[in-house]
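One chain, chain A, appears in both complexes that follow, with chain B as partner in the first and chain C in the second.
Then we have the complex of A and B:
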């Protein structure tokens, strides 16, 4: 027996969450005398049958239905569905529609990134159990985060028609467009939000030393757009940091979804045993194309292209938050210079199959639909970012546990929870009901 | 301009009875002409966005699917202080939200409506389907009427 084995206490971590309706992520680690026996990221979630729910539905209902799959990524699901339907129907959209949709998409990135860093990650860095007690520890920081999140919500509402579950998207165009005065007002609000974002950056920077120093070489997969070169969330091909690029309609050969024993959610792999998607993946594929402020934020944290510390996903989110605000200001400027025009959309349904991808805040999202000649959906296939990350979380765990086990069970448990949180998996997202006991 | 009362329907209509709040709000929206003092919002599973929707309002009325240990279909009216949450959160994901925690956060920030009323509806089936169970669907008129009475009652005197 080595000295290490003698000195390390046994570890038995079993973070299980059981609810009546659906599963959660479970973290299981067993180790005896320093020898790690079991390390598992389990996702015992009910299989999602959203594909079955859209079958038989008309092509112009799809984006409304799938927007309900997730309350945080509802714009991304609606956008990718709309694009996939348009691909199947052979529809081209106007430049104005494309820009308005992109503007809507940026709002969701800001909403989600600020929420993730502020509400889920900051409590860890400040040593608070959640955002509610964090108000007492760092009230000004929380208020700044909430102010920025509120702006992002109002921005989504203006373009999507409401804060969550958009109602403005229709195949071929937009059902409603904002007024020019509203876009001008949005631009002014966004300019003022830059200051709040920089405050949030400084707050996170002040506690960034609490992000674990952990690295694991990883394949990162995201969209990449060369014409024109853009830090893309919306157009382009599927790219890997291992140097491969394939068109979006071949996404099934990228995800290679497969079933594993420890999880009912499907896992994904491309050139390695796993790959990662999300802000860090986008950064690693597109970093030179970030806006000036986005680059400045990355520089503050020393985040460089090629980074393979999964905890730096949170830093990449901050860089992207700054980027989308700057990119949005440019878009608004272009839209207002050209002037907004009402557009009429008529669609003649046809039989066909179409695929699309967008970058949801937590990574690349794929939808494929097939329609009959009436425009009714006969088949669908959806692949969400979280499922693409599960295998990668497992491999991170397998490297993280031996490296950090010497810090004791409590620190290891927290480290693993923080690691999962850094990916912000979309688990238990489809039900939000109350569960209460009466006390009065 | 925001109205002083906001009526929120929560839930996911892709998950059977989980979507009851959204169904009730849709019915209320179509009758909103009779109820000019309130905004009606289908907030779906927007989670933390609720914080912004209720901020600065005088009154919030929330309609949601709720596990209360009651008979399926039962409607119960309660205030946040009358219940304690037994919802287990993993804190691993932003996607799980307990609205009672959102209200706690709103209170700490000093922007919570003084008058908050919940209408909890006990589900019969939570599963992936777009229809409500018959048990709840048959009682929709009753749920809508209860919320309308609450709106007409006016804001609780602070």
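Then we have the complex of A and C:
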């Protein structure tokens, strides 16, 4: 360390309200004479108290309320809430409903991944402050990204009734189903989108060397579905790369939200000090089940199961973008073969407690609700992906700063910003607040 | 004439309305060409303290946020509130129906009284500062936003509907949601959404706020006709209509 103390300039990084992420986060690093004194990932987002606000609301209004937790993953929030309500009410949905919801859910993965990699991450890789200057530099690439994003949104609108905050999800079924002709048209559009996705993959590949070479082994947590084996976003159990599997209704024993001794923060941890959720977690648990095109995309970047470079989450998102398009084409085929028919839904409310999980684009998402015999909500507990990642981001910071401090303050600041962005955080989602204090 | 400088700011919200700007897709390239976007944290790294038009998303829920919105107002010539959180307080106002200390404890347990979890009554933007234009909805409709911005660039006043959703719903020839036994609040909710929800088989839950003079008597007649009580209606109005208040003068 004595050499470093002589050679390394003092570092004083204070990024207030990190840009190009959803929600508000701060980065603070202080280092004097090569000695790291403070490394903090802070979240100053205004808390919104959804778990308190749903109390007293009727079971059929829950998905409408909690959808508003997040604009980017509103479909995931509506879906998981609807599933949890159905679980509490003892409702089984038809196979048709299940397939249409899954098709809706895939559209959000594509929309969110294209938005994240194309609009929020790519500028870093090209050394630009935003996607705006890239319009002039690489108009074709930007237009390809916009086109893929528009296709994903139109796909969402067909199944969810509109792009953001779904209006077709009701406990027990769907308020509206698409026409077969519309599904056929969607299939044609998606086939044409494969080419655009591969263009985006090549554009990112051309600058992939700018993703920092940084690794930190951690526990990766996601859904896993064995019967039938599926690269799942929607069904299955909670699984970890440390080899553990538990049913979804036991999610509270996975997240273990807790207060640590040196901090007032609530962190999530399972078998290690922290865990990670998101595309890389899903990939690490399910990689052999990716579609052929998804595998091909991962191969192009040399992404292999067991990867522990958090920056590779961006690459896992690209692989998933290709996967969901292929999976959707198969699903549409099945739906059209069976034929779509209108279904009538009637629900008799009952008292009960229900839990559910889905994979939001940025990681596994848990909702639990309790209802009285009128079907009015009496309690809720929600656990959002970004909350589960905060402690992991903090621990990444603590390893990243000493490794990259030699590159100077500007490079370190950019590296830390890119590191947070790679998690695709959705900080507005975080219903629990984190305030991390770490002094070495 | 130089391009107007535009800055976009967010307060307590889901950021879904900013997303509707991104969701303009190809059209956003034209809009960005007509203005000079100087700050937009969710999409850009740049920041600025000088702007002509401030676009505000989200509700005001903390004293520090009241200070921030006042500063933004003092710098902007024109202030546009986008989305229900900013225009009427939105879903965030559900919180105002509870004791705020109890709300903090409900979500955070023993840690709920920590200083950084301070929260106040949720306010729409115009309960704190003057708002020049509102783009309603949860989320706002991207095309309506583009229309308002185009009007401002051309020096015109945008026309926002002041008639109920039922007008648009009837034009779509939808069967009334009340006929399905649902409590739909289209009769008193501001149109402009194209009756998207009832057209998708889902009751209107009032995300665009009330029309300026809701016809309460007619609403009561509808309740009587379908054998429902004011409490039934209230339980649905509360989602987006919790304590909508007169606007800042």
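Rule of thumb we're sticking to: the second predicted complex is superposed on the first by the 410 of 440 C-alpha atoms of A that agree within 3 Å, B and C clash if a C-alpha of one lies under 4 Å from a C-alpha of the other, contacts with A are read in each partner's own complex, and residues count from 1 in each chain.
Basically, a contact is a pair of C-beta atoms (placed from the backbone, for glycine too) under 8 Å apart; a residue touches a chain by one contact, two chains touch by 3 or more.
Quick caveat, the model's predicted, so the values are computed rather than measured.
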Looking at the overlay, does A:225 come into contact with chain B only (first), chain C only (second), both, or neither?
-> neither
Does the superposition put A:162 against chain B (first), chain C (second), both, or neither?
-> both
Once the structures are superposed on A, label A:150 by its partner contacts, choosing first (chain B), second (chain C), both or neither.
-> both
Kindly classify A:64 by the partners it touches after superposition: chain B alone (first), chain C alone (second), both, or neither?
-> second
Can A:210 be said to touch chain B (first), chain C (second), both, or neither?
-> neither
Should A:116 be classified as contacting the first partner (chain B), the second (chain C), both, or neither?
-> first
Identify the partner contact of A:72: answer first if only chain B is touched, second if only chain C is, both if each is, neither if none is.
-> both
Check whether A:30 is in contact with chain B, with chain C, with both or with neither, and answer first, second, both or neither.
-> neither
Go through the superposed model and pick first if A:94 touches only chain B, second if only chain C, both, or neither.
-> neither
Contact residues of chain A, present in both the chain B and the chain C interface | 17, 19-21, 46, 48-50, 52-53, 65, 68-72, 74, 115, 119-120, 129-132, 135, 143, 146, 149-150, 153, 162-165, 428, 431-433, 435
Over in the complex, which chain C residues touch chain A? Could you list them?
-> 11-20, 22-23, 25-26, 28-29, 32, 37, 40-47, 61-62, 65, 90-92, 94-95, 97-98, 102-104, 106-108, 111, 114, 116-117, 119, 138-139, 196-197, 200-202, 205, 235-236, 238-239
Chain A residues within the chain B interface of the complex | 15, 17-21, 24-25, 46, 48-50, 52-53, 65, 68-72, 74, 111-112, 115-116, 119-120, 129-132, 135-136, 142-143, 146, 149-150, 153-154, 162-165, 417, 420-421, 424-440
Chain B to chain A touching residues, read off their complex | 10-15, 18, 41-49, 51-53, 55, 64-69, 78, 81-88, 90-101, 104-105, 108-109, 118, 120, 123, 126, 128-130
Show which residues of chain A lie in contact with chain C when the two form their complex.
-> 17, 19-23, 44, 46-58, 61, 64-65, 68-72, 74, 115, 119-120, 123, 129-132, 135, 143, 146-147, 149-150, 153, 161-165, 167-168, 170, 175-176, 259, 264, 266, 428, 431-433, 435
